[in-house]
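There are structures below to look over.
Next come two complexes, and both contain chain A; in the first it sits with chain B, in the second with chain C.
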Partner chain A sequence: MTFNSLAFFLFLPAVWLAFYAAADRWRWLVLLLASYAFYAALGVPYLLGVLLGVTAITYGCGLMLARAGEETKRKRIFWGSVGVNLSVLVGMKYLPFLEENLKRLFHLGQKSPLLPVHPVLVGIGVSYFVLQAISYLADIYLETQEPETHVGRFALYMAFFPKLLQGPIERAGDLLPQLKQTYRFDYDNMRSGLLLFAWGLVKKVVIADRLALYVNAVYGDVHAWSGLPLLLATYFYALQIYFDFSGYTDMALGVGRLFNLRLTQNFKSPYLATSVADFWRRWHISFSRWILDYIFKPLQMIWRNWGTKGTAGMAMALLVTFLASGVWHGARWGYVVWGVTHGIYLAVSVYWNPHQKKLHKVLRLEKTGVLRVWQMVVTFHLICFSWIFFRAESLSDALYVMNNLFTGLGNYRGFLFQHGTTELAALLMGLSIIFAVRLLWTSGREMPDYPGWLRWAGYVSLVEWLLLFNIDIQRAFLYFQF
Partner chain B sequence: MVSEKLKGVILRELDLEDFDMVDSTTASMVPGWDSLKHVRIIMAIEEAYDLRFRTLEVIRLKSVGELQALIDKKTA
Partner chain C sequence: MARFLLKLLLFSALILGVDRLAGTLLKHGLDRYFGFDRNAAVLLVGHSHTMLGIDAELLQRSLGMPVAKYAVNGANVFDRQAMLRHYFSDYPGKVKLVVYDVDDHTFTGDGLSSNSYRLFYPYIGNADMNGYLQANAGSWSEYFSRRVLLSPRFNAAVLNLSLRGLLGLFDNFKTGSVDIPSLEKDILAGRRPGILIDPEYVNAMEETIQLVRSRGARLVFCYIPSVDLLSRMDPARHTQVVDMFQRYDRNDEGVEFYNYQEIFGSRYELFSDAIHLNREGQQIFTAQLKMDLQHTLSR
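After this line comes the complex of A and B, so read on.
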């Protein structure tokens, strides 16, 4: 069941009513059962078993970690439980990929007795709840978090349905205390939650899915295109993935608010970033916090004596961290190259930043608007370049796109008008409205402050927009696959 | 209490003239104290006090007060 399916539009009110009607001490159970039903509705029976297994092991190991006094024992429990969680992730996501590459490396035939044949498993949600389980265990190990003793609340922390399939990856310290609060009906939360949900739905079905029509036509058959259409399709993909993923996050946050639960904001205008490091403070924030805290920081500390003032250690830690980020996204070489590209950007910036500061001083550009705009444009293009590897169907397709981006105008009219003038106008109008609303919101005036008639006019327009301009309302979200 | 020596090392690494630091001060409260600067501050402290931190000890730190306590323990 996805957020943009008819089943979810029936499921959500039913869950909310059951939650509202239940006694406060049983509300966690309503949400937990709803979350398991939501996951089971995907129609892949073993997924629920994997979630239950990860939940049970993480809960038990969390308690054992907190009770074990001796450091060696703590270390053994911690690495053992992290190992189990990682094995689940590898088993679900990477075995077919590893097998295929080993076969290629050793020129083994398809029916080699040396390597067993693994089925391709559907792992929707697994990447997210496994990272959440590891963060819970790490926080207990680092003594920044007490273990949760209530097994039901812990299970809900792992499975809460709005964030189960695609994040945000919640920290125990952020979500668990909220699950213990007494629920009181809050009109403002209901209103802002529903509005955020509808806004996210617009981002997904009106904007992202419309952009996909153009992107898929090019990236599905790159050799049929050259020049400007490849460039435009790459820009369109940068917008598509943002509106798809941030739309999903808005919907998740909106649903959370209906139950008075505040989930982590995953995006802060990422394409306004002035550097790649800044981009990672604004893009998929719950994930970037995770890799920063649990991979980058320990590596950076271990390698702190490499190079002058630890510069080489820092660069290497960034490379390894972003390689891991690429691998996490899936078993494809395109994701690995995408991650390594970001690692290289950040590692180079460790060496380049001191010179860059001096250069800005000499040119008297420090803190000027011109510099800010220039940095935004450069950063956006660096990010777009990396998206080529992320989106292309294969590495050879990505190389073809790279080599043919600037080979002339190509059939740009064919690209822009492939779905007719009306579709293009609907897309441009949609993007303009989104940017206008974004400008109004950044100016500090939230929707609820406007007079009633204006708010209701806004709500009605939003629903009409959704109904008239949506594209195939049941299309899956891009980040489910990771 | 945060000693003048520790405060001096931190301010020097962050290029700050002055900043009021108490036990509960955290890195996010101090301008420029990001994860990249953090490791440089730790290395500068190791040099100034002639000591060596373990990775876990540093990762577990939550405030300047805890950093001071760790230094005091190691230099006692």
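After this line comes the complex of A and C, so read on.
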């Protein structure tokens, strides 16, 4: 069951009604059962077992950590529990990779899979709840978080269905206190939650899935294309992955609001970033916060004496952190190169930033609009370049794309009109509307500031737009696979 | 809570109303595009070959009788059987002649979309089409959502046709000329599908003949030309396919076979790509078809 399925549209109101009707002390149970049902509906029974196992171990170790007084014992418990969680993550993540190699080794062929499910489903959600479990344990170990004693609420913190499959990765300090609050019906939360959900759905099924039609045609067979279509497909992919992932996050946040729960905002206009570091403050925020706090900062501390003022240590910590980020995305060289590319961008910026500031001062460009736009354009292109490795089916495909990006116009007409004029018009119209609405939002006016008739006209148009222009191929969210 | 529920109910009612309005309007446009509003005496049925190869307006004017063109991209033999059942049940007893486009690939689904049935969701209200869609739907949710709501029945391809119908833009053609050297390269590289004859498709075709004849209409199998290099890839199979249509022609007086492949297949200037006629090809081909149909209709 995914957010963009009819099953979910029936599931959500049923859960909300049960939640609303339940006594306050049992509401956590309604959400927990709903979350487990949501996960079980994927049709991969062992995943529920993995979730329960990770929950039980993390809950138990959290309590033990808080009770253990001796530092050696605390360390042992902490690293032991993190080790178990990491082995679950690595095991689930690399199972398809292992299967593929075993098949090759024993000549099992494509028709005799060891895994009974589609590779995307093998570890769906595991990456997210394991990182959440590790952050919970680390926060208790660092004594910035008290362990949760209520096993049910802790299980809900781990499994809450809107964020289970694709995040945001919630910190215990952010979500657990909210789960203890008494629920009171809040009209504004209901309205804004439903609106946010619908908006996210538009991003996914009207924009991202439509962009995928064009991107997949090129990246599925890169050698059939050259020049402009490769460039356009790369730009389209940058937009596709943003609208897909931020669409999911909007839906998750919207569903959370229906239960008066505020989940972490995962995106803040990432393609308006003025540097790669700024990009990571705006893109997949819950994940970048996680790698910053639990990988980068400890490494930076360890290597703080490397180089002048620790610059070498910082650069190395950034490289390793983003290598780990690439590896986290899966067992593919493309992800590793993508992670390393970002690591290099950031490591170079450690050395380049002081010179850059001087240069801007000399050129009198500091804080000017021109500089800001220039930085946004450069950053966007650096990000797009890294997406090539992320999206290409193989490294050789990625190299082909890089070598042929600027080899002329190519069959750009064939690329743009491959699905007909209506599809292209629907895409361009959709993108224009999304950008226009974004501009309206940034003007600072809130929804209730507009007259009622205009709001209602907007809501009705949004739903009708969804009904008419959704891509009728049910496509899974891109970040499910990570 | 009561305020919220009331607003939600009102909003749902409004959405349903707008959906009905949009769906009804779009279906009206689609009916116009296909010519369902004309009480057609001649019904053209097919896929993109008919869509781009026959100018129905020109044919209607020159024959002096109403012509409907029920053609959608990728419609295979099974889709077309559903299309004919749909048409005959909604507009019974009017059609004298059905013109059905055929080619080397009529007896196989290879090269055609497996999702072509989705183009018929606007006609889910017709009992015959409903049965066909129910049997082919990818999931219960896909079918159910379109059963309840009207707007999702129109995907981009159908929306395009519907808007054309509403705006009265019945012209449908491609410009440009086929790139023969590229086509030859594709053929050599094995990038063009071979000719196949699937018994299931043959059975479906024979059922289609019975269906048309049982409704009192005559049937013309019309081989809309493609570049002859494709037929020459496998001459034996091409001949086998042509022989099958000639046999249908011989076995039933109400069935005819027009083979235009021999006449136009080598005139490459008439093609926009290997399998579709361009604007000039469409006009020349339609003129030829008109003459042959006049002859058939006069008998």
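Criterion: the second predicted complex is superposed on the first by the 454 of 482 C-alpha atoms of A that agree within 3 Å, B and C clash if a C-alpha of one lies under 4 Å from a C-alpha of the other, contacts with A are read in each partner's own complex, and residues count from 1 in each chain.
Keep this in mind: a contact is a pair of C-beta atoms (placed from the backbone, for glycine too) under 8 Å apart; a residue touches a chain by one contact, two chains touch by 3 or more.
Quantities reported herein were computed from a predicted structural model and do not represent experimental measurements.
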item	value
Room on chain A for both chain B and chain C (clash or fit)	fit
Partner chain in contact with A:Y351 - chain B first, chain C second, else both or neither	neither
Dominant contact partner of chain A by residue count, chain C or chain B	C
Chain B versus chain C as contact partner of A:T144, first or second or both or neither	first
First (chain B), second (chain C), both or neither touched by A:M314	first
Partner chain in contact with A:L6 - chain B first, chain C second, else both or neither	second
First, second, both or neither for A:G420, with chain B first and chain C second	second
First (chain B), second (chain C), both or neither touched by A:Y94	neither
Which superposed partner A:K297 touches (first chain B, second chain C, both, neither)	first
Degrees between the directions from chain A toward chain B and toward chain C, using C-alpha centres, nearest 10	160
Distance in angstrom between the closest Cα atoms of chain C and chain B, superposition on A	39
Chain A residues contacted in one complex by chain B, in the other by chain C	none
Of all residues in chain C, those that touch chain A in their complex	1, 3-4, 11, 14-15, 18-19, 22, 115, 118, 138-139, 141-142, 144-145, 149, 151-152, 154-157, 159-160, 163
Residue numbers on chain A that touch chain C, as the complex places them	5-7, 185, 187, 190-191, 419-423, 426, 456, 459-460, 463-464, 467-474
Contacting residues of chain A [partner chain B, same complex]	142-144, 292, 296-298, 300-302, 304-305, 309-310, 313-314, 350
Of chain B, residues touching chain A in the complex	35-36, 38-40, 42-43, 55-56, 58-60, 62
